[in-house]
Amino acid sequence: MTHTTDTVLVIILLSVLLSLGSSRLKALVETMALQGIMVSLVPILLDYGADGHVGGSLIFVQIMIVIKGVLIPGLLFTAARRMTIKREIEPIIGYHASLLAGLIMIMVSTLVTQRMHLTLPVGREMLLTTAITTLAAGLFLMMSRRKAITQVIGYLMLENGIYLVGTALTKQSHTLYVIEFGVLLDLLVGVMIMGIILNNINHAFDDVDTTYLGSLKD
Amino acid sequence: METFLLALGVLLAGGVFPLLTHRLFNFMKAVYIGATVCGCGIGLYAAGISLRSSEIVSISWPWLHIFMLSFSLDSLSAFFLIPIFSICPLAALYSFHYMNKGQQSGRTAINLFFFTVLIISMALVTTAGNIISFALAWEVMSVSSFFLVMYEYQREATRQAGYLYFIFAQAGAMFIFAAFAVAYSHTGSFSFAQFAGIPAQVKVLIFFLALIGFGSKAGIFPVHIWLPHAHPAAPSHISAVMSGVMIKMGIYGIIRIYSLLEVKDLIFGQSVLVFGMISGLLGIVYALGKRDIKKLLAYSSVENIGIILIGAGTGMIGVYSNNAIMAGFGFAGSLLHVLNHSIFKSLMFMGAGAILQKTKTRHIDQMGGLIKRMPLTGKSCVIGAVSISGLPPFNGFIGEFMIYFAAFEGLGVKGPTAILMMLAIISLALIGGLAVTCFTKVIGVAFLGEPRSDKAASASECGFAMTAPMVVMAAACVIIGIIPEPFINLVFLSLRDIHGFSAVPPDVIAGLARNLGLAARLILALLALSLILQRICYLGKEVAKGPTWGCGFTRPTARMQYTGTSYAMSVADFFRPFVKVNTVYSGIKKIFPRGTTYTTRVDDIAEITMNQGMVGPLLKVLGKLRWIQHGNIQLYFGYIILTIVVMLFFI
Amino acid sequence: MIEYVFILPIIGGLLALFVPVVMARGLLILAALFHLSLTVLGWMGKLAPVYVNYFRVTPEGMLVLMVTSFIFVFISIYAVSYAYETNLQNERIFVSCMLLFLGTMSMVALSDHPIMLWIAVEATTLVSAPLIFIKRSKEALEATWKYVMICSVGIALALLGCFFITLSMDIGNIDVALSFSSLNLVAKQLDPLWLKTGFVFIVIGFGTKMGLAPMHTWLPDAHSQAPSAASALLSGALLNCAFLGIFKVNALMHVAGLGGFSSNVLVAFGLLSVLVAGIFILNQPDYKRMLAYSSIENMGVIAFGIGVGGIASFGAIIHLIHHSLLKSSLFLSAGNLLLGFGTKLVPKVGNIAKLFPATFVSFFAGFAGISGFPPFGVFISEILIIIGAFQAGRYGSVGILIFGLLLVFAGAARIVMDISFGETSQEVLVKEKFFRVMPSFVLLLTSIGLCLWLPNSIYQKILHTIEIIGGGFHG
Amino acid sequence: MESILAYAIAILAAPLFPGIILKVKAFVAGKKGPPLLIKYYTLAKLFRKGSVYSTSTSFLFRMGPAVSMAAAVMALLFCPLAGMIPVLSFQGDVIVVFYIMGLGRFFTILAALDTASPFEGMGSAREAFFSMLAEATVFMVLILFYRLNGSLSFSGYFSGDNPITLTGPNGSLLLLVIVSMFMILLTENSRVPVDDPMTHLELTMIHEVMILDHSGPDLALIELGAFCKLIFYSVFIAHLLVPAKALEGPLYDVVFVVAVGAIYVAIGITESIMARLKMNLVPKFILTSFALVSFAAILTTMGFI
């Protein structure tokens, strides 16, 4: 099923590039939903390719899809809807430059993957490249955008990337669903809290621009 | 040792007492003084026992599973206990009338409590037997003295002084800890006993770290800066104890660490000597330039620390060159000066305190004529001033003489030592001359002549609790001066336990002590004779009273008297490159000028250098770095990423 | 079943959302006391974990748990009195989050599985965010945002680190349960490169939470904006929990023979933190921020001590205990000042020696303690750390450390003296009250007490804790 | 016994010698000058008089003369006169002597400041400053002597196996010492070019202004002390001039007394041919003497001797 996996990975990469180039918040959230679903699919595809036992993980993947693909984007969507300004007007790094940076990130990730000298199962190089790109793009997004909501999206992307790294690198045998679930729950609650704060920021400043959030300094 | 602990116990009980009974103001003070005197008496007795017997007593308890708190009492410790236990009760007595504000009884009680803590911690510093006990006692000493300085915290100057002192205390402590830590890393034990086995280069490092640390407490020249701020800020009996006793703990530390390291190098003695000379000379020059009497006395402490270090350095070089007389007299002079300085400096500070209480000013140019209004204080201070200038027949001379003696002995040593000894002797001579200038200024301007302000004119003698300690100390100055034999024997006795110290032939000591005593008694006798002669000459003659001859001025006023500032200025000017003299002169304008001002101020170059050369630039650089916390969350993410990138290079 | 230690507070926390405010207050104190008694039982070894895959009673965990539990009792007393006096809005949320916070922190202390630890640490971030936000001011909002975002990103990196450790297992072809205790047994077979990478990410990740520079940026904001009870908890307990994560991985590194690397990393972060704290404490206009930076400094000192190892690691653990006691006491005193003056600005407050004598004593004593003056325990720990650093031959590092400590001391002393003795024109809004003063005194006295007499069980726990990283007295 | 006799003679003869100075000065100026015994007359006159004490003064004002007198008399005790051994002597007595003189100065200064007169204050400041510098020279001389001779007492310097004399092995160095000691003598005894005892302008005075308010027996004591001090320094220099080993017995004593007289003559000639130095040049003058001795002392450490 490498084809499917690769397709999924390419979609993830595309979503990364899309999010780097998009200025509309709504579109960003939608992209994230797509990415969340795709990321959730990766382990099951890999697993299926390996030995075919799907069982418990299937339920888990469903939960994950719900959380990453529906709940979290939903939360963000609600948050975004309340905002008066629905565009990232003046990003710190422009969209074209961001896209270019995204391409560079993909290249660097490929390089890094090769330099790691890991004996990965077939097909996982691509996964690792995607993972690192996603991770880096997440961090990049957080640094280069002013809107608070974009930062949450960046954070989600970072999480996705890390999750992918985890899937790519480690054997599934370590997976304890309690743990996975715990991580997910943290993510969900985290985004919920971020959402609440976003709302409050929006309420307090009439915008979710982080330039307003710079009064605490030395 | 039990006696010693009993003394501490009595002191502690006395110290806690005021906290409980501060509403009964005078009763509290009386009981406190009683207990302190009692405790210190017992402590002196314990020190005496220890000096007489040659065995070293010690005691220790386990602490926190990992340490031993150990205290031991050898002859050197016992010697340093003497000033602690003899000056402190006098200062406590002094405080009875000095701290006379009943409405501040709570604060007074706290002050008395910390005073006791200070006494106890100083006693423990001198007896500490290992690294941990020393550090503990040292820190308690710093923090308790800090609170004592902060007594009058409403004043801005006091807060500044307290702050400065706090910083210096902590920085000094850090250096001491570092020294101990280096030692520990080579001995692997907290005990002092194994210090001797440390490799020679490491010993140098330890010694210099400790020298900086102890030096900042003692007030060695470049790190003395806190001293002239803290002493004026503290209540006078506290300044007396801090200046007379506490800073000697720094000296104790230096001598102790020297003795423990059993050093063989010349560099130790040389550096101590050089620091001594610098502190001595610049200390007294700055003292001369100051107008604030307590600041002046504080700088004079720097000077006396310098003299003590010159003695100690000479002694160390003597040990290195196997010259028993040089070693013996160097150390002995240094120790005797420790004792002497504790007496006369406390006396002077108490005198300053008495003036301060009565005239409400520390500005020396606003005093004058006080000896007629405060005769006991004045006379005691004259004796103190003669002693502190190192003049015979009082005690200051005895110590300085022994240091001279050692230094002259060192002139015979080959190599660079002779040059150093020459410098030491010249410095001592210059210090002596400057001290005379400085203290004639203090006495002449503050106590003699006509009062320069109304407050000085209306001053009166202070209470017996304040004059009694001063009289006792003045008497001690005289007694040590004219009967020096037992005291010289005492210091030689306390040198016993210093390592590398070979005994000086007793006949040399005895001969010298006898001669000094003889000289002192002779000058007193001659003085008595000439006084009698003077009296005889005036028998039956008419002695008239009249105004001072005005040299042609018909209406001299008190304000026309020579001020202390002018008195000192030519000397301060002479040392110009090391002393910054700031003059503000408004000039004479127009044909009929009016109201011009002229002020000069002497600034401490160490302080200027510290402020402008170190603290200023440092604050500037650090201020620039505050940009780090920029408030921008994107930047903060950037830090994290940067850290990752940097760290990945190190994997 | 030791899991009750965190389950009960979490249940209590959830419950508190639905009961009347008065009951919630009672619940808070009750839960705190109950937690303490459970902790004591656990300390004595009476309770064993049930989910052995995830939880385990370790000496370091018990130390942290004990400290947390102990200070929580007194902070809760303060918090109740504080909430009562200030008519805190959303008090139920406040109480609930306090309890959840306690629960998640206890969970951190007991976790043995790296990712469980991670989950618990992330959970502490999430449940403490409302605590910071409780006042709903714009500044609080900003602080909370920064807190949540920076910590989340940081902790996400720690998760990456956990994955790398798993990877190092896979490469070493080891198949054991993923838990610190089992990893320690096979540490030598782990792939060193990936273990090192994992360590770096975990240090950066949990270091963010612990407040190591340069990831500390959220800390002064969050600590200064949170209500003082929460600040005390953040500083006194939360930072320790994050430290625990680093400590465990560091121990693993030591067992794997990579102690040299991990030590250097910790020393570097430690020194940087101390210096950064020094920079910002000088001329700091806000006394709560000053305390926050002081926490950064102390975390730096702890990291430094652990990194140096040997006798210094003993010092570091002692430092951890006493820092928690003293810093939480300081934050509680600062809370009294904030209530009393209504401002956090140093130039506006002053003369508390006269206006708030009891708070003055506790504040000044706390400051003296945290600066390393006896009879407080930081004195011992700083000496031990300095000694240990020299023993390890890190002369340059210890020089920087001492410089940094002095910077911090100089800055803090200036502020504390201005507050204590300086003049103020501010009016006193609220007088100090017994229940808001008592907790800080108890915490201070505990520090003094532990400096006079260290119970054997604590001593043994510390020794066991540092045994694994080669710490101790004769090593 | 001999020593005590010599000591008594020295004190009694002390006022005689300043007469020589006056005579010499008069001679150079082409005048007749006062009688040789003028100082005795003055003293006698002063002792007969009463005094006026300023209302500003205290007991210290009266102590000043007594102390300065006692100090000078004490210093002479340690000084070997001619061929006699001194009345008292021990290792280190030189230090005691110079410090005792310091004591005298201390009280003179206090007595001056006690009068509240601005001029006396000014004089005191100068006196303290200059004598501080002079002290450095004196101690440098002591250092040099110790290195030459290993002794720390006056009697030790000029007796024993290795006495300090011009004819000795280090005679050349002593020339430097003699010059600088003479300069110190001029400084310490307030002679031209440092100070002018004859001046009438208080602003320019040093020593004289300090004793302006003393009168009668007090002034006499001060004068007597000053004479003793002068003779002390002269004797000291005379010892350097007259070779100890070359002459013996009474002849030596005679030559010695002549030498002392010669020094007074030299003072007189100096006073006649030199003008006073400007006040700010005085420190330079003293430092010159210091430099001379230091040069000599450093030579000894460089291995030349």
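In order of appearance the chains are A, B, C and D, and numbering begins at 1 in each one.
In the analysis below, a residue touches a chain if its C-beta (ideal position, glycine included) is under 8 Å from a C-beta of that chain, and two chains touch if they have at least 3 such contacts.
Owing to the predicted nature of the structure, the values given are computational and were not obtained by experimental measurement.
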{"item": "Centre-most chain [mean C-alpha coordinates]", "value": "B"}
{"item": "Most remote chain, CA-based centroid, reference being chain A", "value": "D"}
{"item": "Pair with more cross-chain C-beta pairs in contact, given A-C and A-B", "value": "A-C"}
{"item": "For chain A paired with chain C, centre-to-centre distance based on mean C-alpha positions, whole Å", "value": "31"}
{"item": "Where chain A and chain B are represented by their mean Cα positions, the distance between them in whole Å", "value": "69"}
{"item": "Mean-CA-position distance for chain D and chain C (Å)", "value": "77"}
{"item": "For chain B paired with chain C, centre-to-centre distance based on mean C-alpha positions, whole Å", "value": "43"}
{"item": "In chain C, residues with contacts to at least two other chains", "value": "145-146, 149, 153, 157, 220, 280"}
{"item": "In chain B, residues with contacts to at least two other chains", "value": "626, 629, 633, 637"}
{"item": "Every chain pair in contact, whichever chains are involved", "value": "A-B, A-C, B-C, B-D"}
{"item": "Of chain C, residues touching chain A in the complex", "value": "53-54, 113, 115-116, 118-119, 122-123, 125-126, 129-130, 133, 136, 138-139, 141-146, 148-149, 152-153, 156-157, 159-160, 163-164, 166-167, 169-171, 175, 178, 220-221, 224-225, 280, 284, 289"}
{"item": "In the complex, chain B residues that touch chain A", "value": "626, 629-634, 637-638, 641"}
{"item": "Touching residues (chain side chain A, partner chain B) in the complex", "value": "92, 139, 142-146, 151, 210, 213-218"}
{"item": "Sites on chain B touched by chain C in the complex", "value": "64-66, 132, 135-136, 139-140, 142-143, 150, 153-154, 159, 162-163, 166-167, 170-171, 174, 177-178, 180-182, 184-185, 188, 619, 622-623, 625-626, 628-629, 633, 636-637, 639-640, 642-644, 647-648, 650-651"}
{"item": "Contacting residues of chain C [partner chain B, same complex]", "value": "145-146, 149-150, 153-154, 157, 193, 196-197, 200-201, 203-204, 208, 214-215, 217-218, 220, 261, 264-265, 276, 278-280, 282-283, 314, 353, 368, 371-375, 379-380, 382-383, 386-387, 389-393, 398, 402, 405-407, 409-410, 413-414, 417-418, 420-422, 451, 453-454, 456, 459, 473-474"}
